[in-house]
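Okay, got some structures for you below.
Heads up, the next two complexes both have subunit A, just with different partners, subunit B and then subunit C.
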Partner chain A sequence: MNYSLITLEVLAVLLGLIVLLADLWVSPAARKGLGLGLAAALGCLLAFAVGSLAPQSGSAFSDMFVVDDLARYFKGFFVFAALAVVLMAVDFAPKFGSGLSEFFALTVFALVGMLFAASANDLVLLFVSLELITVTFFVLNSFQRTQLASLEAGVKYLILGGVSSAFMVFGIALIFGTANSTNFAVLAAKQKELAHSALFLMGLLLVLVGLGFKIAAVPFQMWAPDVYQGSPAPATAFLAVGSKAAGFVLLIRLLVGAVPQITAEWHRLFVVMSGATILFGSLCAIPQRNLKRLMGYSSIANAGYLLLGIVAGSAGGSTAVLYYLGGYAFTVLAAFTVISAIANHVESDDISALSGLGQRSPFLAACLTMAIVSLAGIPPMAGFFGKLLLFKSVLDVAPGHPELYALIAVAVVGVVISLYYYFGVIRAIYWGGQSANLSIIPVALSTRIVLLACVAGILFLGILPQGLVKIADHAVADLSQKAAPVAQPAH
Partner chain B sequence: MDSLTSVILTPVITAVLLLLIPGNFRVVLRLAAILGSACTAWTAVSLFSRFHAGQEGFQFESLVPWVTVGPLNLAYHVGADGLNIGLILVTGLVGFAAVLVSWNIERHVKMFYVLLMLMIAGAMGAFASLDLFVFYFFNELALVPTFIMIGVWGRGEDRNWAAFKITLYLTLGALIALVGLIAFYVAAGANSLDVTVLKAHLAAHPLSAAAQTWIFPLVVFGFAILVGLFPFHSWAPVGYAAAPTATAMMHAGILKKAGLYAILRMAVPLMPDGAHRWLPVVAVLAVGNLLHCAWVALRQKDMNLLIGNSSLAHMGFAFLGIASLTVIGVTGTVLVMVAHALLAGLSFALSGYLETQTGTLDMTRMGGLLRKMPFYGTALVMGFMASCGLPGFANFAGEATVLFGSWKSLPWLVIIAAWSGLIIGAVAMLRALRAVLQGPEKPEFSRVVDTGYWRRLPFVVLLSAMVLFGVAPGILTSRIEPAAKAVVAAHLTPLHAGQAPAVPAAPAASAPGQSGH
Partner chain C sequence: MEHAAVVQHAVESGSKIQDLAWAILILPLVMAFGTAVLTPKNRTLSAAFNISGVVVAFLLSFTLFCVFGGQSADATPFHWLPVAGLDAEIGLHLDALSTLMLMVVTGVGSLVMIYSTGYMHEDRSYTRFFSTLSLFVFSMLGIVLANNLLMLFVFWELVGVSSYLLIGFWYEKPSAGDASKKAFLTNRIGDFGFMLGILAIWGLAGTLDIAALKAKFVANPALLGPWAGLAGLLIFMGAMGKSAQFPLHVWLPDAMEGPTPVSALIHAATMVAAGVYMLCRVFFLYTATPGWPDALGFLDGISAASIITCIGGFTALFAAVIAVQQDDIKRILAYSTLSQLGLMVMAVGLGAKTGDASASMYHLVTHAGFKAMLFLGAGSVIHACHHEQDIWKMGGLRSKMPKTFWTFALGTAALAGLPPFSGFYSKDEILAVALEANPIFFGVGILVTVLTTFYMSRLVLVAFFGKPRGEGADHAHESPSSMTLPLLVLAVPSAFIAWLPLGEFLSGHFKPGHAAHGGDILFGPFNHNPIAAVFGLGAVLFGFSLAYSLYGKSPAQDPLSSKLGLFSQAMRNRFYIDEIYDGIVVPLHNLLSQIADAIDRWLIAGLAVRGLSGVVEIAGRALRLVQTGSIQTYAFLFTAGVLLIVLLALK
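Up next, the complex of A and B:
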């Protein structure tokens, strides 16, 4: 067996342990330095993950763990997100009070869960990696122990996360009982006969409950706004980017890779799920006054847009999901970096507290504006091209399926609604209300670097999308080759 | 670098340079913006003069692949023909004038000019594009600047609401059109939205009439919302009334034409069956613009609302010319687009100057200003007379051409257009002139001063272009005509055996029967 395939994961675990141990010797004053060191190490890890030294394609642990282009794509993605989150946390440190190095270590352990999720080729590994992510986030979300909202966020996530995990494990049991295996490749080979087994379909549905919770899709979205609002900004950012992407890579592996035929038969289910998620997220975001809560609803709406790619069920759809997530990562990280950078200077998380930001820090104001514009899907930002690819992937398969045209109409309405609340944030930044406090907000160098990288990413992906689309296309090609023997009847 | 790309990149580079200048160097910022927009305008003028009139096909073409992955094939493809060369010219001129009239911007000067430059770049890119995705990309570039400019530098209490209204309407229209474009991309199967590729592909593999019938309205009504076609027009007057002068000039003058440009560039020539089915509807709605908006303009007391509504009425002529589906009608539409760009730019520049002097745009409170401001008054008379359709200005040339072109196919609409658009519009404009310029002087405006020499430049530039194209419209029409022919070519000689041959087929079928007797 080729153990070298899990080099990246092993290195990440070691990194987390080193941070935990280092905490014993590093004085509390120097813990920010520890964060910077960790960021540097994650930078190396990122270079390793996307460089030519990364593990070659292959599978290990009785085909439970695969490394392919899809896995490599998401591994790079997760490591980058963790790097940005660690730098964000360094700036956010005063708000934590204590336990900064534990926050770093937990971030790295959540990263390990995501790295394993990217390679999961078996329902058991899927469950274990998701649990690793969820359990670390119980702690990360309630990290501001003195704040009631943060504790509430942690408890909500704990209870709902626990319930969804229970559903999932039940579903896995049903699948194992009917298919005699939990391996995706085996499921793919057997899916024709399994498609007629009600128990198997029941099991699959229950697994989808667990994944739906991860990506915050309707009807499993209830936790998102409260948790987004209560959690410390860096943890929310990691939740919004990493956890959601982990959910989507598993959805792609399971629905597009393992059981494409059943996905195609169920496409009405996903149409309803996607449309309802878009509408719920967009409509509920309208009255929000709290910026982080707004981002929570926006993340629900974005889960709906991402589901468009799953609805399409085609390689083009998966490419679009990958591309959209790439742009979404830069965008959301930029937004939360600004939120966390101003957390020490702005009295509350309210949108109205942003008033005067245009004068207090033109740099932060411009970065947040670009992130918001990208979320709204307006060129030349990354979000535009992502939405374009998603819409196109659905319209590609739409002829003959009127419900897909209805879904596109819903998505268009969702984008227009979303413009209203996103642009409300821009209004608050530049001309909303009178701010009594116009003192300049200082921006730390590390924050500045993260923001510049994110903004450069947003613009680069928006103006020159070719590179990432190609990589995403390549990553998905592997998957559709594996699933190739099974034709998709509906399309 | 080829010249069309440089006309797009000059404002972008100017915007980047402006970002590097510290925000409190206001004079430097203004001069840099003027220089940048002057370069853009100069390049546009030189392009226009180097354009070979009467030649078919595209000139100054350049093509760079943008995204080519699998079935997705988008290219940065720019080129000029009769449809867009005039629009590129007026974008340069109006952009230059818009920068010049922005001397009174005091807050956040740097951001203002950066956003204005982005608007100019977006408009230039949209007009130069031959790939519809790239067109969409550039067109949307102006959306966020419009929103922020109305909010930060806008006028009036309602500007917040107006900013949201204009943004939401424009986005809704753009998204409907985008869905139409993607559907067209998928249905055409050319793996491209480049009009040259599409034209060649559709000649060999025509698009079914059924597909055209549902894609055409998505594209056309989506883009028509951006133009302000009745009844999707209510965003325009309030938006322009709330916008700062330069934004109103750029939007009413230039960006509004982008929707028309896309309809002419892609929808009408490439979906002839859809055009046959839906353009009559557009024609009827255009009468809504001509009648309703002109009538509304008549009732306005605020000068910006008057200009906004009358500019919507003029868009009725543009739609009418498209709906006529004749070479003359389409030529007239392009003339109207060019002329109206200059006119709307001029009108909003004039109202903006008036507001700096009087502090209000309420025309009922004004009077006798011609004596105080002879130059300004003359410019206002010329601008509003041009809006009435006075011969000698480009607007007359355009509107008359549209009416000529549409007479055969839409005689009733021409009658309504001529009477309403020209007569109601003239009444509205003349009443405004009387209220503002003539009558007794009002004591509260005793400190009003005429434009200084510097400030005359934007008015002079726009007026002279209007007079030039009014006296010698042949400069434009000779350039437009080959392109207009290409637009309606599909309607004269059917592209394919879809619906169009059904008309000649009927007499052909009856002919043998008759000869049998």
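Up next, the complex of A and C:
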């Protein structure tokens, strides 16, 4: 067996342990330095994950763990997100009070969960890695212990996460009972006969419930606004980027990789889920006054857009999901980095508190504006091209399926609505009326670097999308080779 | 032969000299953003960056002009969105028109920028001025280089935006703010038609690539069938906006509220030229078989080109008449620009008959040079007279500002069309085309020449001769060399451009292999079309003697005003066009916007948006009522959701 495949994960675990141990010797004043050191280490890890030294393709642990292009794509993605989150937390530190190094360590452990999720080829590893993510987030979300809202966010995530895990583990039990295996490859081979077993389908649905919770899709989205609002900004960012992407990589592995035929049968379910998620997120965002809560609803709407790629069920759809997540990561990380950077200088998380930001820090204002514009899907930003790819993937399979045209119409309506609330944020930044406090907001060098990287990413992906599209194409190529071509349901 | 071999080599070897065009396009943009972001506080450095950007772009343009010398080439295109079935190409096309225009834009652009270091010296938004100028040059270069109509349209709009920023540069002045809005909105009307025209062509011909379109039109002149006339006119609407043709001309005189270097750049050499340039780019649309849809059947027998000729001719005459009774030095030049643009547009329309619009392009190039010089000269006068613009408060500036005077006089001679200065030759080509195509428009051309000479002589005689009539003129002294140097440089092409075979160079673009007139260039007009040349020269002399008889003795007031009486009043008030618009268009517009506002307020915002969000909000409140901080509700809804999807999936 090839143990070298989990090198990246082992290194990440070691990194987390080192941070925890280092805390014993590092003085509280120097903990920010610890964060910068960790960021540097994660930078090396990122180079390793995307470089040529990364583990070659293969599988290990009785085929539970696979490394392929898809896994490598997401591993690079997760490490980058963790790196940005750690730097964000350095800026956010004064709000934590104490326990900064624990926050760093937990972030790394959550990262480990995501890294395993990217390689999960078995329901057991899927469950374990998701639990590792969820459990660390219980703590990360309630990290501002003195704040009631933060504690409430943690508890809500804990309880609902518990409910969703319960459903999922029940589902896994049903699947194991009917299929005699939890391995994706085995499920893929048996999917034709299993498609007739109601118990198996029930089990699969319950696993989807767990994943639906992760990505915050309707009807499992209730937690998102409350938790996004209450959690500290760096934790929210990691939740929005890392945790959601982990959900999607598992959805792709399971739905597109393992059981594409059943996915095609459940066509209608995904159409409804996707449309409802887009509409719910977009409509509910309109009256929001709190920026993080708005981002919560925006994240729900984005889950809906991403589900379009699953609805398409094609390789093009999966490519679009991967591409969209790439752009989405830069965008959301940029937005939350700005939110973290101004957290110590503005009174609240309200959108109205952004007024005067255009004068207080033109740089932060410009970065947040770029991120918002990209979220709204305006060219030449990454968000535009991502949405274009997702819509196109659905349109490609739409002929003969009127409900898909309706879904596209709903998605377009969602985009139009989103323009309204996103531009409310931009209006607050530049035309937000008189702000009493016009003191300049200092921006740390590390924050500057993260923001510049994110903005460069947003623009680069929007203007020269070919590179990432090609990589994403490669990443999903294995998947579609493994699985039989998806047949659209005849009815 | 050696030259041709170089080009051949460049085209074949893939070394791609033409990719320099990308550098020309991008440089001003980089400088605009670079100075805005990096050196907003450092005036000298900002000016230096922006000037060097445009100067380097000029040198590169000159290189390309020499290398390609009228041959066409395409720079490596940039493919955006290369997803299957979708391709938004951004490509740059080089040929006689675009390389020449590149030199005009970057050449005048760099001189204007150098001039601005003197003119704008005391302005507190010095950096913003330079970076906006660079942005404008970038937009204009995009129009020049665009190889497809979509890209052309994008840069067309960018020119609209950057001209808005420049005209309204002194936004603290309400008149500047109003003028910039007026320019932008008037252009919107033209652009709307332009966009419709582009869509029509896309729908009918299936491509927006200019070269491909041209090939299609060559293969099948009746490609657009009955829509040819309408598509041509819609495209022309874009030119009407940018090149300020009647009735969309109203923005240009008001746009003089911008700083004078801006007037020189955008109202002489670039933005207003964009319309004419674009018409020459898509000239094949107007030589195609004319046709109209049934609803417009009454237009049968009239081509889009003849309508364009009429509009151009009318604008030329109309604006020249108004210019005769203007007192503001910049307004006189503004109306003169309108009039000359009218001539160019008229020449495009007339050229459609002969298949050669080179006269129009030729006049565009010469006009860009001497009109920029005249505007900069006017700026120098205004600067010296402490921002006095009324020519009746000037006088005697000839001895006080010799460099300004001599260049201004040279510009006047060129504009009037006195040989051997550039304007004579280019205007002569227009007159010759008119004589060949339609004698009525030859008459229009002669009349415009008389009027042009008259009002320009009036301007020079009143402002530069006689005694100072105002305090500003009394204390005037020559401007700094940063301002006079560009004037002197611009004097060179105005004086000597006729020595170059530019007309034939352009003619070769429209009619490859067309036999050149040949012979002596300087006296050429008198040889190949003596009637046009003699009449043109006679008109100049007549106009000047008329002006001299009225203004030669340096009167204190305009003697013409009392002679013309009411007519003079009408001319001074620009024939009340603005008032008519205020009376008809503005109330109509207000009514429309009120209707739109009501629809937006009650139907869209009220019913659609508020209604929907209201429903959602009510739903949200209802949820909040059940919620009351208890997580049980969430868990309950979660479970209900599970049941829901099970039902949906397994039913």
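We take it that the second predicted complex is superposed on the first by the 483 of 491 C-alpha atoms of A that agree within 3 Å, B and C clash if a C-alpha of one lies under 4 Å from a C-alpha of the other, contacts with A are read in each partner's own complex, and residues count from 1 in each chain.
We take it that contacts are C-beta pairs under 8 Å (C-beta built on N, C-alpha and C of every residue); 3 or more make two chains touch, one makes a residue touch a chain.
Because the structure is a prediction, the values reported are computed rather than measured.
Asks: What is the contact status of A:F167 with respect to subunit B (first) and subunit C (second): first, second, both, or neither?
Replies: A:F167 contacts subunit C only, not subunit B.
Asks: In the overlaid three-chain picture, which partner chain does A:F200 touch, first (subunit B) or second (subunit C), both, or neither?
Replies: It touches nothing on subunit B or subunit C.
Asks: So, A:G358: does it touch subunit B (first), subunit C (second), both, or neither?
Replies: A:G358 sits against subunit B, while subunit C stays out of touch.
Asks: Examine A:F137 and indicate which partner it touches, taking first as subunit B and second as subunit C; both and neither are also allowed.
Replies: Touch partners of A:F137: none, neither subunit B nor subunit C.
Asks: Between subunit B (first) and subunit C (second), which does A:F336 come into contact with in this model arrangement: first, second, both, or neither?
Replies: neither
Asks: Output check: A:P287 vs subunit B and subunit C. Expected answer is one of first, second, both, neither. What do you get?
Replies: second
Asks: Quick one: is A:Y420 in contact with subunit B, with subunit C, with both, or with neither? Answer first, second, both or neither.
Replies: Touch status of A:Y420: both partners.
Asks: Just to be sure I read the superposition right, which of the two partners does A:M222 touch: subunit B = first, subunit C = second, or both, or neither?
Replies: In the superposition, A:M222 contacts subunit C only.
Asks: Thinking of the overlay built on chain A, is A:K392 touched by subunit B (first), by subunit C (second), by both, or by neither?
Replies: both
Asks: Mind sorting out which residues of subunit A both subunit B and subunit C touch, each in its own complex?
Replies: Overlap of subunit B and subunit C footprints on subunit A: residues 380, 388-389, 392, 420, 465-466, 469.
Asks: Across the complex, what residues on subunit A touch subunit C?
Replies: 155-156, 159-160, 163-164, 167, 198, 201-202, 205-206, 208-209, 212-213, 218-220, 222-223, 266, 268-269, 272-273, 283-284, 286-287, 380, 385, 388-389, 392, 420, 463, 465-466, 469
Asks: Give every residue of subunit C touching subunit A within the complex, in rising order.
Replies: Against subunit A, the touching part of subunit C is residues 80-83, 86, 609, 612-613, 616-617, 620, 631, 634-635, 637-642, 644-646, 648-650.
Asks: In the complex, go through subunit B and note every residue touching subunit A.
Replies: Those residues of subunit B that touch subunit A are 23, 66-72, 108, 111, 133, 136-138, 140-141, 143-144, 147-148, 151-152, 160, 163-164, 167-168, 171-172, 175-176, 178-179, 182-183, 185-187.
Asks: Tell me, which parts of subunit A touch subunit B in their complex?
Replies: 315-316, 319, 358, 362, 369, 373, 378-380, 384, 388-389, 391-392, 395-396, 398-399, 408, 412, 415-416, 419-420, 423, 426-427, 430-431, 464-466, 469-470, 473
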